[in-house]
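Below you'll find a set of structures to go through.
What follows is a pair of complexes built around chain A, which joins chain B in one and chain C in the other.
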Partner chain A sequence: MSLGPHLLLAIMEGTVSAFVLAVTALGLSLVFGVMRIVNVAHGEFFMLGAVLAWWLTSLVPEAPFWGFMLALAVAPLLVGTIAIVADRFVLQRLNYQPEATIVATIGLLYILQQAVLSIYGPEARPVVAPINFRIVLPWFGYSGYKLVVVGAAILLLLAAWYGVTRTRFGLIMRATQFDGEIAQAFGIPVKRVYAAVFALGAMLAAAAGVLVVPLQQAHYLMGLDPLLLSFVVVIIGGLDSLKGTIVAAFIIGLSDGIISVFFSPTLAKIIATLAVALVLVFRPNGLFGGKVR
Partner chain B sequence: MNQKTPRSGAKKSLITRRSAIKTIGAASALGLAPGYVRYAQAQTSEPLKLGFQLHSTGIGAAYGRWYDRTTQAAVKLINAAGGIAGRQVEIVTEDDGTDPKRGAEVVEKFASQHKVDLVFGTLFSHVVIGSAPRAGELKMPYFVVSEGYHVASGALNRYVFQPGITDVRSQVSSMAPWIAGNLGKKVTMIFPDYAFGHDHRDFFTAAIEKQGGSIAALLPIPPTETSYTKYFPQIPAETEVIYHVMVGPGVLTFVKEMGEHFGSQRPQIFGFIDSLEAVDLASPGLEFLDGTYFWEAFPRYAGANQSAEDKFYREHVGVDGNGASTADAKDISTFSHMFGCWETLYVIKQAIEASGYQGPADKAKLIEATEALTSFAAGNEHPQGDKLFDGKRHQCYGHQFISKVEGNKLNVVHKTSIEDGQYENDTDYTKQSL
Partner chain C sequence: MTPALRARRILLLHGGLALLLLLCQFVLPDYHHTNFVSIMVLAVYALGYNLLVGYTGLLSLGHAMFFAAGLYGAGMGVHYFAWNPVVAFIAGAAAGLFLAVLVGLVALRTSGVAFMIVTMMFAQAAFLTTLYFNDVTHGDEGLTLTQAARSFALFGTVIDLTNPAIRYNLAWLLLAGALAVMLLVVLSPAGRVLIAIRENEERTRMLGYDVRRYKLAALGVSGLLSGAAGAAYVLFFGYVGSSFAAIPYSIYPLLWVLLGGVGTVAGPVIGTLLMFYLIEIARDYSSSYMIVVGAILLVLVLFFPKGIIGSWRARGQGWIP
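Let's turn to the complex of A and B:
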């Protein structure tokens, strides 16, 4: 295959992974930005979304499209509920101390992962894509569903942007993020905001998991990769910057796609890790991060 | 030494009352020690403890579940038939998380805590390579069921055996003539970028070149990869055969994306069933594989010519004629690998009985007796078929199968002979000290 189509494929692949990554990382970024919690279990919410999608679609085997729509609507809600329970019984009890919550979310990671292994099993199970068509380009064929993923991710990102910047809840959230104590003094129920943000972060990860599962398969260890990449993205973009998260997701997603097509996937990972190191050295708050308060 | 003997003999005659009491006291203390009493009885009645290093969690978990079922079924049969050398067999299972570091720790735990007679059952090659050196240091007989070439290559040590499943080098060597003769000679290989994949790369390349074929391209894939679309453009247009061997949870994606890339205009495709162990061939996205070929060690679908031992084996493990669990038709077995546990247990039985093994002090005898084995006859103890065993390489060699995917099933089209899989190397573990 010649250079042109090769590059096109690399960019298409990179774009798909960038959008999925942006949705996942946005959840992590929100949770850190508002709650100052490094949620190590974030990838497991992604995995839960995918596994629940398998379960929900298998309830309606005769109508894969509606089964998938059901999964897209219900799986994030279920994952959000789990997140609220985790917030109520774990994070709240630790008073959201940064160090303690890191350890607690590591524990949560293992609890979720092993629970899925016990209940769902060790297999990777496929989910049928709701819309299945193959785009035939002159040089290669491409999965049409991947474009659907991109579209859905754009909608989710727009909704998240609107929610944070244009709604009353977004305002409350930003106020809590700016200064939790003052917000509380003004009558904002900070604990409830925290619970809601934690659930929202988990739901974003779960939605990304649902979108991705027809491309990959639901597997109990699938949360690790998105977690690592989300951290990379959030560190490069700046831990509490919505814009930074999305820009960084594109830098990482596209460079990963292009470098791994033309050179090697290992080199792509090396460069991403190097970028994290350089950002931490020269711009510790990330490319778009504000000043540390 | 000779000079000292008369002196110590002379001393013996001078027994004082104090030394006599000391000796009697020490002897009775030794007799009363619980460990000593147990050991005295262990020679005949205590069960044999076999450490089962299992991938219950981690990327090998789907394999691990079936390795466990097969092992439990075989042990049940062995115990019902009177055990090994008249002793009942007790399986002590430890999960290694399909992790090499944890694997070495598990071997250690078997030796120091469980005090097992031997360890068996490890599958994933990186775990075997991580665990085997510790087994050697602890002088713990270590029977792996991994199909990697690392045993026969001489890279491990005298305590490591693979008597239940043929190694990759032999498998690929035996299949190359059929591939070159029936599918094509220009081959592109897609394989995981670690030990197991490298065995395929090195030995299949050599084997196909011996048949007058050539490698069009090599595509190593990192083990953590989740998307494969970006690799397919690297498959050269002149490729006649794609040879794929992928393992882990990403395999379905791999096949699906290969289908999306090629559509109906595909080259011939030959895969290792490792790609689809524990996966239902009727899964969405796998329609693309119809008409492609797979290596199988043991045919998943019991064909019209099912042997009596195949039937016996499936019945006891709980597998139906489609290679799925009899309890759940959606629960697909790892049929081409798990028989290795069953057969390894019967080799262990044969070796222990031949060696007169009584307890851990006889480990050297057990190793030598295993090395003395030369062949295994097909039958209920070796349902996959007859095998040759090379005591110097610690490796067995059996028949292989090539199957075609037709209507979501695998139909055997070719069975290799054991000679097809022979190769030369100069491994000789028997030269190592015990």
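Let's turn to the complex of A and C:
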């Protein structure tokens, strides 16, 4: 393949991973923005989404399409429930103190990951895509399911945007983010808002995991990359900026795709992690973030 | 309590701990004898980590890069350039110091949660670098050092690092040295400044201390001890691979220090010993033994944040450093 088609392929692959990354990172960003905590277990919610998708689709082997729809609906709900339990019994007890919370979510990371290892096993298992068509370009074929992923991700992002900016719950959430104590004084049940936001963040990660699993197979260690890339995106995009998160997901997703195709995936990740560390040092609020109050 | 009495008690506690570890070699069966070498070397790593986390209040999530700098600095020197193990050890420790200062110059511009994420990111970049230069490091497969490369002549006698007795006593010497360094640092005026930074950075700055320099120095010594531990580990056990640079090796020292007691000198040693055996026992039962790491982290942070020695100190034993 010559350079042109090669670049096209890299951009197309990069776009798909950018959309998946945007959904995952949005979850992390919401949790950080509203609760001011860093959830290191976020990648495990992504992994749980993928693994649960494998389990749920295997319940209806004769109808892959409906099995996948079932997974898309149920897996995020189950993961959200786990998140609520974690919030109630761990994060709430720690009073959301930032450093203790990070240590606790590291603990949570290992508990979830190792529980999946012991129940689901160390194998990587494929999930059949709900639709099966190929787009044939002159240079290479392209799985049509990837377009479905992009479409579903756009829907999720739009729904999140609508939810945050146009609904009553979004208003309550933003009020809590702006000043938790004042919100409490106005009768907003801050604890329940926190639980809901933590669950919502986990559900976004789980949905991204479900979407990605037909492309990538479900494996108990698959949470690490999305976690690190989400950190990269959230930090570069500004720690509480929705728009910044999405723009950064595109920069990272595309550059990751292009560098991976032309050089090596490892080099792409090295560059991304170093970039984020430097951004954090020199522009602590991210490239697009506003001032921290 | 008079200073002399306090000094005597401190000496008794830490000297006693060191003496106990020294004497253990005569009663331990072979298997545990080797385990204790690991534990003593890893305890040095934990001590270095604690200087930063416990005494300076900077929580690093990326210390594996300094440990790995020591492992690779010493291991590649021996493997590729046939360095004398003594030279390799010094080079490994220096690599830890150098990397820590380098990272510190950038990362110390942040603090709190941002510092945790930055160190985690740098460590991940370091881990990926060991994979990327696969031709040199052999990635996950790693490098193995031969027995011949791990022995050297000192004053006419051959010292073979694969000999269990020599290995045990050298590991003990390293740990005793690290304990002494920690006590000297922590009890010195500079150590008090570090604790002041932990308790209230702004106030320490207001009092006229150059906080940046103290933090950089603490990170440097922390990196030096971590690098020394890494260098000793590769020389004693003859293997270095990418897994030593991966995230779990940044989490382990956090766990050891939390269990033993954050901001205590003896705590990390006890924490390393207990955690080593807890993981070892869990490994016998299940392949998902890392769940123990997660569960204990949760339990410690929720119910036992002061750790073993820290809780003892809180019960009216304020003399414990």
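In this section, the second predicted complex is superposed on the first by the 293 of 293 C-alpha atoms of A that agree within 3 Å, B and C clash if a C-alpha of one lies under 4 Å from a C-alpha of the other, contacts with A are read in each partner's own complex, and residues count from 1 in each chain.
The definition used in the following text is that a residue touches a chain if its C-beta (ideal position, glycine included) is under 8 Å from a C-beta of that chain, and two chains touch if they have at least 3 such contacts.
In this text, all values refer to a predicted model and were calculated from it rather than measured experimentally.
Asks: Have a look at chain B and chain C on chain A after the superposition and call it: clash or fit.
Replies: Overlaying the two complexes on chain A (C-alpha atoms) leaves chain C and chain B clashing.
Asks: What is the contact status of A:A10 with respect to chain B (first) and chain C (second): first, second, both, or neither?
Replies: The answer is first: A:A10 touches chain B but not chain C.
Asks: So, does A:I102 touch the first partner chain B, the second partner chain C, both, or neither?
Replies: second
Asks: So, does A:L117 touch the first partner chain B, the second partner chain C, both, or neither?
Replies: Both partners.
Asks: Check the residue A:A277 against both partner chains and state whether it touches chain B (first), chain C (second), both, or neither.
Replies: Once the two structures are laid over each other on A, A:A277 reaches chain C alone.
Asks: Should A:T266 be classified as contacting the first partner (chain B), the second (chain C), both, or neither?
Replies: It touches chain B and chain C both.
Asks: Under the stated touch criterion, which partner chain does A:T167 make contact with: chain B (first), chain C (second), both, or neither?
Replies: So A:T167 meets neither chain B nor chain C here.
Asks: Per the contact definition in the header, classify A:H219: touching chain B only (first), chain C only (second), both, or neither.
Replies: After superposing on A, A:H219 lies in contact with chain B but is clear of chain C.
Asks: Report for A:I235: first if it touches chain B alone, second if chain C alone, otherwise both or neither.
Replies: second
Asks: Quick one: which of 133-141, 169-177 or 295-303 on chain B sits on top of chain C after the fit?
Replies: After superposing on chain A, the stretch of chain B hitting chain C is 133-141.
Asks: What part of chain A is shared between its chain B contacts and its chain C contacts?
Replies: Correct list for chain A: 114, 117, 122, 266.
Asks: Given the complex with chain C, which residues does chain A contribute to the contact?
Replies: Residues of chain A touching chain C: 38, 90, 93-94, 98-100, 102-104, 106-115, 117-118, 122, 224, 228, 231-232, 235, 264, 266-267, 269-270, 273-274, 276-278, 280-282, 284.
Asks: Across the complex, what residues on chain C touch chain A?
Replies: It is residues 59, 61, 106-107, 109-110, 112-114, 116-118, 120-122, 124-125, 128-129, 131-132, 247, 251, 254, 258, 286-291, 293-298, 301-302, 305 of chain C that touch chain A.
Asks: Can you check the complex and tell me which residues of chain B touch chain A?
Replies: Residues 57-59, 61-62, 64-65, 193, 221-222, 224-227, 229-230, 232-233, 249-253, 256-257, 260-263, 278-279, 283-285 of chain B touch chain A in their complex.
Asks: Within their complex, state which residues of chain A touch chain B.
Replies: Against chain B, chain A makes touches at 1, 5-6, 9-10, 13, 17, 114, 117, 121-124, 126, 128, 134, 136, 139-143, 215-217, 219-222, 225, 257, 260-261, 265-266.
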